[in-house]
Every structure is written in structure tokens, then in C-alpha cells.
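Look at the two complexes coming up: chain A is in both, with chain B in one and chain C in the other.
Right after this comes the complex of A and B.
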């Protein structure tokens, strides 16, 4: 089966005006405007297979959102080829728009002063959704996202989490095959984040939709994506399995041991870097290649009740990736 | 770029925009009421100038009829796109509309029509009261009313296209409103606003007849009040149609260029 998304050598550069602070700089800019070239996306290539969920990671300003905007047809690229479901996105063919959605956590498509149901009706008409299909879809989305009572309240009176759920539903009414989700859980509490995650996973499982997801919450990525694409400063740093990220970029492992009773800190000497020792729990960080030996020593020297060896948290690994890219 | 044809989407958008506009009915009414103040001032000034006689063949009752019609025509032909569509582009609110298979200009059109429809409901009682107090002599005939409707439709379309064209400059500049002020200034002078076009002297009158501003405002009023001989009505309608076609082409070209330029700023 051909990939749903093909990106080859995508480049998006912006020219932005620039000036220093103060009146003098302001006056100078009247005569001579300084401009700066921003390389938002600088030659990235990747493919996404049908039904795949891919986490698109990077720090602020890495080029994630710009990439999603090009992929959904909002922006024209500077260079490069993009093919989504066989369409060139920025041609914005009706058949293309009917098969994709872009949901941005900080942007909204709903009428602010009207109940969301009115915006749903607009989408129904614009996308030409059949009455029966519309009723069934709204019913399903209401059940999955717990929208009961939310569609009749003016959008401005919904909480942030409620609004995000309704936005998500509005973006899915037409049954898109490709979902571009840009920070879909931003600003939401933990419960709401989990609910949105569970919904995206179920939508993907039931419809086979392809999902490209950006998020600053690693929990989103861990819960949903088997594969991640990491970009920074518009360049692709990593494209592969989520677990492979730690293997490649994290040089150490974290070993946590629960002891039968607390021990003197002196007894831990030579067992790697002691990250913490709280009562009977000790956390040790050690180089990856030394982890088996350190584990053996821990088991031999200490009264271990329980032991776990883990990769460092994903946040730490990602930070390591970016730090490596910038030094 | 292709978008689905059919009016179901635009009509649904119009219904939603109407509902949205009704939420702001008081503000809408105040904006529209302000549009009634100008013609009352012009009417008072020209009536005073005319006195018991006339100015260029126009008597007090002619000015009354002209500016009473002006109130309705100017409301129906006002272009609000610079304040609605322009900021959508500038602040990135265009994006959700670009993701739907319907041209975003329909959103601007729906907002335009809903503003006028909501406000006109509120303005009709005021206009009727003015009509009853001032008792103008319209001199309209069934033929002039029919031609008025035609020229009014052309004026609504032309002003919408002009407003949209200027609003599209927001793809390049954050101050598209400044260029719109030039258009508004020319409309004030040459569009039949500060004075009926037939009173404009020499070159100004010729300019007014040739430029598009008159065909967004003064021309339908002149047609309704039977101020033009049949030949000039026909020529005016042809010129208006020509300007509508030219404006449509310009808007399409500017859109095509602008959308390539739509960039990150908040989009």
C-alpha cells in the first residue's frame, strides 16, 4: 500500500522584518528595513504509512507547526514535494480537504458566540455530509468524547477542555482519513489529556486513519505513537521507533532499587552516580554499557527487595537530542 | 485550487453568520445608525443652500429624496470586508476556512449580507419615520424601480468586490485599512456622497462618470429618481457591469497571489 504522506526535501523559508528596540532603531527602520531569513523548515523528508500514528517532536520554533500547515495545504512551501493521499496539499482540491483535518490546540474554527451545534451544521453543509451519516457521526463523537450538553451551549461558555473536545469533534465530522493534530492537549488537565489520547487511539483503531501528532506532552507521544520524527531548526534529527530514540541518544540507564532496609551512603560508593537515596529506595544512573555490571554489584552487595532498569524519561532523551544538535 | 460548487455551504454559513450577528444586534444597530447621520447632514446642508430655489436644477425636495434613498443604498452597499475579512487574513483566522472545501470569500459574503440584513431590520422603522415626516417626492416609475433594483444589485456586488480586494492586501501589509481610506475618500467626492454626481463640475463630473465609485453608490439613486436619460442609464449599467467584471478578475488574481504569500504570522 502506498504511503498516505510523502514529504521530500520540504523547505519553507520566511523573510521577516527585524529591528532593535527604541526610537532610534525605529527611525532607522523607516529608511532602511532590515530583514532576516527564517529557515522554518530546511529540507526534511519522510513518509507515513496508512493507519500509522507518528509523533512529530521538536522544541518551540523547530518547524513542526509550519510542516503541518504545509501538509494540510495552508502554506505553500519554498521548495520540495509533498503528496498527501495522492494530492498536492496547497492545490487545496475539495476531494483532498474532505479527506484530511488539521486540529490546532490554539486555533479554533467554531463560532465563538454560537452553540457548537451551529458550527457543526455549517461543516455538514460545506462537506456535504449526508443527514443519516451526520446524525450517526455526531452520536458517536458525543459518546466517545462525552459531549452531552456541550453542543447547545455557546462556545465562549465552554471550558478550555470542553472546547478542545468540541473542536476535535468538529474537525472529525467529515470522517477524515488523515489527521494532523497540533498540540491537541495543550493547556488541558491530566484527565482531559488522557481522554483525548484515548479518543485518538480509538479513532485510529476503528477507522484506520493516519495521524501525525505534535505535542509537548511526552505522555501523548508515548501513549499514541510507535514512531517519532524529531526535528529541530527545521532539520530532521531522528525518524524511527520511539524506543530506538533512547537507545541512540541516551548514553545511560536509570536503575532503581528498593532495599529491605536503608543502608549507609558509604555502601553505595562505586556504584555509579547516585541520583537519590530516600529511605530504602535508591536511584542510580550509570553508563548504558556498564548497566549490567552495576546491576550485578547492586544485587551482590545490597539487600535488594526489588530492582528496575529503565531508560531515562523521554523528556530527558529528547532534551539530549536537541542539546546534541545545538553543540 | 477547486472548491465544491453548490450553495448549501454558503447558505449554511449565511444562517450561522446571521445568528452570530444577532448576538451583536445593538452594536450592529449603532454602526448602521451612524451611517444614517451623514446623509441627514448632507440633506440639511444642501437644502439650506437650495433654499426656495434650486442648485443645478435640484430643489429641496430633490435633495430630500436623494439623501433618503442614499440612506438605504449606502447601507446596502457598504463594504465591511476591510474590518472583517482583512483581520481574518492578518491574524491567521483564515486558516480554518482554508481547510474547508468552500472558498473563504463566501465567508466574507455571508458576513456582509448578514450585517446588512440584521441592521436593515432595525433601520426600517427610523427610515419610515423620516419618510413620513419629510414626505419626499421620488418621481420613481415602475421602470425606474426595476432598473434601480438592477443597478443596486450591481452596486452591492461591486462594493463587496472592492472591499474584498482591499482586504486581500492584508496578505502583504498590516495596514490594508490605509489604502481603503483612499477609496473611501474618492467615494466621498466622486461617488455621489457629498453631492449628487450631476452637481460635480467639469473634470470632476467626467471622472465620477468613469471611475467605479459612483457605481457603488450614487448611480442607483440617480436611476431610481429618474435623474438620467435612458441612454445614460444604459451606459451606466454597462459601465457598472464592466467594473464588476474587472473587480472580479482583480480579486481572483490578488487572491491567487495572496494565498501563496499567506505565511506564518498567526496562521
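Right after this comes the complex of A and C.
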């Protein structure tokens, strides 16, 4: 099957006015505007297969949102070729727009003073969804997202989490094949985040929709994406399996041992890098390939009560990736 | 057919949204009635000193005033709410969702909001036209009415084109609330026939910011006045203005940068 998304050499530069802080700088900028070129996306290429969930990672300003906006047809790129479901997104053909959705955690499309059900009716008409399909979809989404009772309340009366669920539903009424989710869990509490995550996973499993997701929460990415694309400053740093990221950028393991009683630091010599030693708890960092040997030595040399071997947390790995890029 | 359903769906939602502010109905009726009463009073004062104004009799100016209010009513019912919404959405970043809908974005952007209460201006404007014509004892033929309707349509198309072009500036400047002010400044001149203005302003209002085609030309077609300019120029200018405004809008969309997260 051909890929759903094909991006080749995507570049998006903006020219933005620039001015210093303060009154004088503001006044000066009124007649003499300085401009600055922002390379939001600077030549990235990747493909996404049908049904795949890909996590799109990067710090603020990395170019994630800009990329999603180009892919969904909102922005014209400066250079590059993009093909989504066989369409060039920024032609904004109706049959393209009917097959995709862009859901932004920080933006709303629902009418603020009306119950979401009324906004759904608007989308039903705009997307030309027929009655039976509409009823079935709303039923399914109501079940998956637990929307009971939320669709008849004015949107302004919903909590942030409830609103996000309803926004998600509004963006999925037309049964899109490709989902662009931009920070769908931002600002939500942990339980609600989990619920949204579980929903996306189930939606993907049941409909086979392709999902490209950005999030600041590594838990979102870990729970949903097998594959991640990491970008920083508009450039692609990594594209591959999530676990491969740790192997490439943080090829070490963290071994934590609880001892029966505290030991002299001298006894720990030669056991890799000691990250911390607090009372009877010792944390050691070691290269991945040496982890078995170090574990063995720890067990042989020390009175170990409990021991765990862990991969470094994803946040730390990502940080490692960006640090590597910036130095 | 499908398009009609889409517009209806938006219209319905806008209507529901507005019903939250029912109290505005009365306020608006009073506001438009007072506005028209004062304008007519103003005319009465002017015509107490003179029998003609720029060659127009009081009854003819009354018809023109009616045209002004009718067009103004259409603008404030549909056009300005919809296009102001575009300005607001571009600034807030929610205009993205408009562009993501598989429907003609320009048409939706121009029609999707309406403030139903402002229909009172349309109704009162029509009433003033009717009174003016009655006092003129004008014999309006079917053909005459058709020409008037055509001239009105051209006028409304020109108003739309100007509004759209001003709104399109939002893609570069983001804050353009003042465009309503600019528009109103020029549009206000349409309360009087362009003949009353000095030569340079008359030229400006005919060829640059063609207010003349919005009120003066329709009014003269039905009050039996000598045409200011050849009548067939109105639809041509309207078509040209529309075409230019739509192209400008498309060009603006290409430059749309979307508010960043």
C-alpha cells in the first residue's frame, strides 16, 4: 500500500516583523520595520504508512505545528513536495478536506454559547454527512468518549477536559482517514489525558486511521506511537522506532539497588557511574552492554535487598537528542 | 443544494446564538427608527432653506436616504458580522477551522453570521423609499423597478467588494478593527447625493471609493433623475470590483500565516 503521507524536502520560512522592547523601539518600528526570516521548517522528509500512529516530537518552536498546518493545507510551504492521500494539501480540495482532520488542543471550533450538538449539525451539513451515518458516528463517539449529557450543554459551561472530548468528537464526525492531532491533551489532568489517549488508540484500531500526533507529554507518545519523528529548529533529527531512540541517544541503563545496610562508597568503585548514594539506596548508570555484568557484580559484592534495571526516562532521552543538536 | 444546506446550517447556528441576546431586538428597532427620524429631520432643516440640493428635491433625497438605510441594514445584518468574525478568528487562530471545512471558504466567511435584529434597518429603509416615492407621485413601471433592483444589486455588490478588500488586509496586519471606521467614514457620505459634494470629493466618491454607485445611482434610476453616469457602468464597475476583491482575498489566503500555537 502506498503511504498516506509523503513529505519531501519541506521548507517553510516566515518573514516576521521584529522590534525591541520598550516605547522607543515600538515607536521606531512604526515607520522602520525590521524584518527577520524565521526558518520554521527547514527541509524535512518522511513518510507515514496507512494506519500508523507517529509521534511528532520537538521543543517549542521546533516546527511541529507549522508542519501539521502545511500537511493539513492551511499553509503554503516555501519549498518542498507534500502528498497526503494523493492530494496536495494546500490546494484545499473538498475531497481532501473531507478525509482529514486537524485537532488543536489550544483552539476551538465549537460555537461557544451553543450546545456542542448544534455545532455538530453545522459540521454535518458542511461535510454532507447523511443522517444514518451521522447518528451512528455520534453514537460511537458518545460511547468511546463518554459524551453522555455533554452535547446538550452550552460549550462555555463545560470543563476543559469535557470541552476537549467534545472538540475531538466534532473533528471526527466526518470519519477522517488521516488525523493530525496537535497537543490534544494539553492542560488536561492525568485521568483525562489517559482517557483521550485510550480513545485515540481505540479509534486507530477500529477505523485504521493514520495518526500524526504532537505532544509535550511523553506519556502520550509512549502510549500511542511505535514510531517517532524528532525535529528541532525545523530539522529532522530522528525518525524511527521509539525504543531505538533510547539506544541511539542514551545507550545506558539505570540500576537502582536497595541494600540491607549502607555501605562505604569505596566498595562501589568500579561499578560504573554512581549517580547517587543515599543511605541504603544506590543508583548506578552503566552502558547498556555492560549492564548484565555490573548487575552481577552488584549482587555478588553487596548485600542487595532489591534491585531494578531501567531504561532512562524518555524525557531524558529527548533532552539528550536536543542537546546533541545544539552543541 | 448542498451549499444552501451549509449556509442554512451556519445561519441556524448564528440565529440560535443571537437569541441569547433577545433584548437587542427592541434596542435596535428604537435605534434605527431614531436614526432615520433624525436624518429626515436634518433633511427638513436643509430644505427649509432651499428647494433643491445639488439638483435633488427633498422627496428624491428621501428616496436616496431610504436606499442608504436599506443597504446599511444589509451590511450590518450579514456582511459586517460575518467579515468581522473573520478578523476576530484570524487574530485568535480559529480561522484555521474555517479553512479546514470542505466548503467555499469565501462564501461561508461572508455569510455565516447574521445579526437578525438589524433587519429593522432594511425594513425601515424600504419604508422610507416607499414614502419618498409616494410623495413624488412617481409612476414606477415594472421596467423601472427592474432597473432600480439591478442598480441596487450592483450597489450592494460594490459594498461587498469594498468590505471584502478591507477585511483581506487582516492577513497582513492582523489588527484591522479600524476598517469598520474607514468604511463608515466613506459610506456616511452616501446619505446625500454625490452632486452636493465639491468636485474633487465627487470624483473620489465616484471612481475611487464608489459610494456614488451605492446610493446615488440606484436612487436616481427610480426618481426619474438624469443619470449621473451612464447607467450600464454600474454593473460593470460592480463586476470589476467583485473580481478584484475576490482575487485579492485569494492572494491574501496564500499569505495567511495562521497564528502560531
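In this text, the second predicted complex is superposed on the first by the 294 of 327 C-alpha atoms of A that agree within 3 Å, B and C clash if a C-alpha of one lies under 4 Å from a C-alpha of the other, contacts with A are read in each partner's own complex, and residues count from 1 in each chain.
Note that in this section a residue touches a chain if its C-beta (ideal position, glycine included) is under 8 Å from a C-beta of that chain, and two chains touch if they have at least 3 such contacts.
Please read these numbers as outputs of a predicted model, since none were measured by experiment.
Chemist: Do chain B and chain C fit side by side on chain A after the overlay, or clash?
Modeler: Aligned through their shared chain, the two binders clash on chain A.
Chemist: Tell me which partner A:183 touches in the superposition: chain B (first), chain C (second), both or neither.
Modeler: Only chain C; A:183 stays clear of chain B.
Chemist: By the touch definition at the top of the document, which applies to A:91: first (chain B), second (chain C), both, or neither?
Modeler: A:91: touches chain B, not chain C.
Chemist: Look at A:111 in the shared chain and tell me whether it touches chain B only, chain C only, both, or neither; answer first, second, both or neither.
Modeler: A:111: touches chain B and chain C.
Chemist: Applying the document's definition of touch, where does A:119 land relative to chain B and chain C: first, second, both, or neither?
Modeler: In the superposition, A:119 contacts both chain B and chain C.
Chemist: Look at A:76 in the shared chain and tell me whether it touches chain B only, chain C only, both, or neither; answer first, second, both or neither.
Modeler: It touches chain B and chain C both.
Chemist: Considering only touches as defined above, state whether A:260 meets chain B (first), chain C (second), both or neither.
Modeler: A:260 contacts neither chain B nor chain C.
Chemist: Examine A:273 and indicate which partner it touches, taking first as chain B and second as chain C; both and neither are also allowed.
Modeler: In the superposition, A:273 contacts neither chain B nor chain C.
Chemist: Under the contact definition given at the top, report the residues of chain A touching chain B in one complex and chain C in the other.
Modeler: 14, 66, 69, 72-76, 92-94, 97-98, 100-102, 104, 107-109, 111, 113-114, 118-119, 121-128
Chemist: How about chain A: which of its residues touch chain B in the complex?
Modeler: Residues in contact with chain B: 14, 40, 66, 69, 72-76, 91-94, 97-98, 100-102, 104, 107-109, 111, 113-114, 118-119, 121-128.
Chemist: For a test of understanding, state which residues of chain B touch chain A in their complex under the given definition.
Modeler: 1-4, 6, 8-9, 11-13, 15-16, 19-20, 23-24, 92-93, 95-102, 259-260, 262-264, 267
Chemist: Can you list the chain C residues touching chain A in their complex?
Modeler: Contacts found on chain C: 2, 5-6, 8-10, 12-13, 16-17, 20, 92-94, 96-97, 99-103, 105, 254, 256-258, 260-261.
Chemist: Can you list the chain A residues touching chain C in their complex?
Modeler: Per the touch definition, chain A meets chain C at residues 14, 65-66, 69, 72-76, 92-98, 100-102, 104, 106-109, 111, 113-114, 118-119, 121-128, 182-183.
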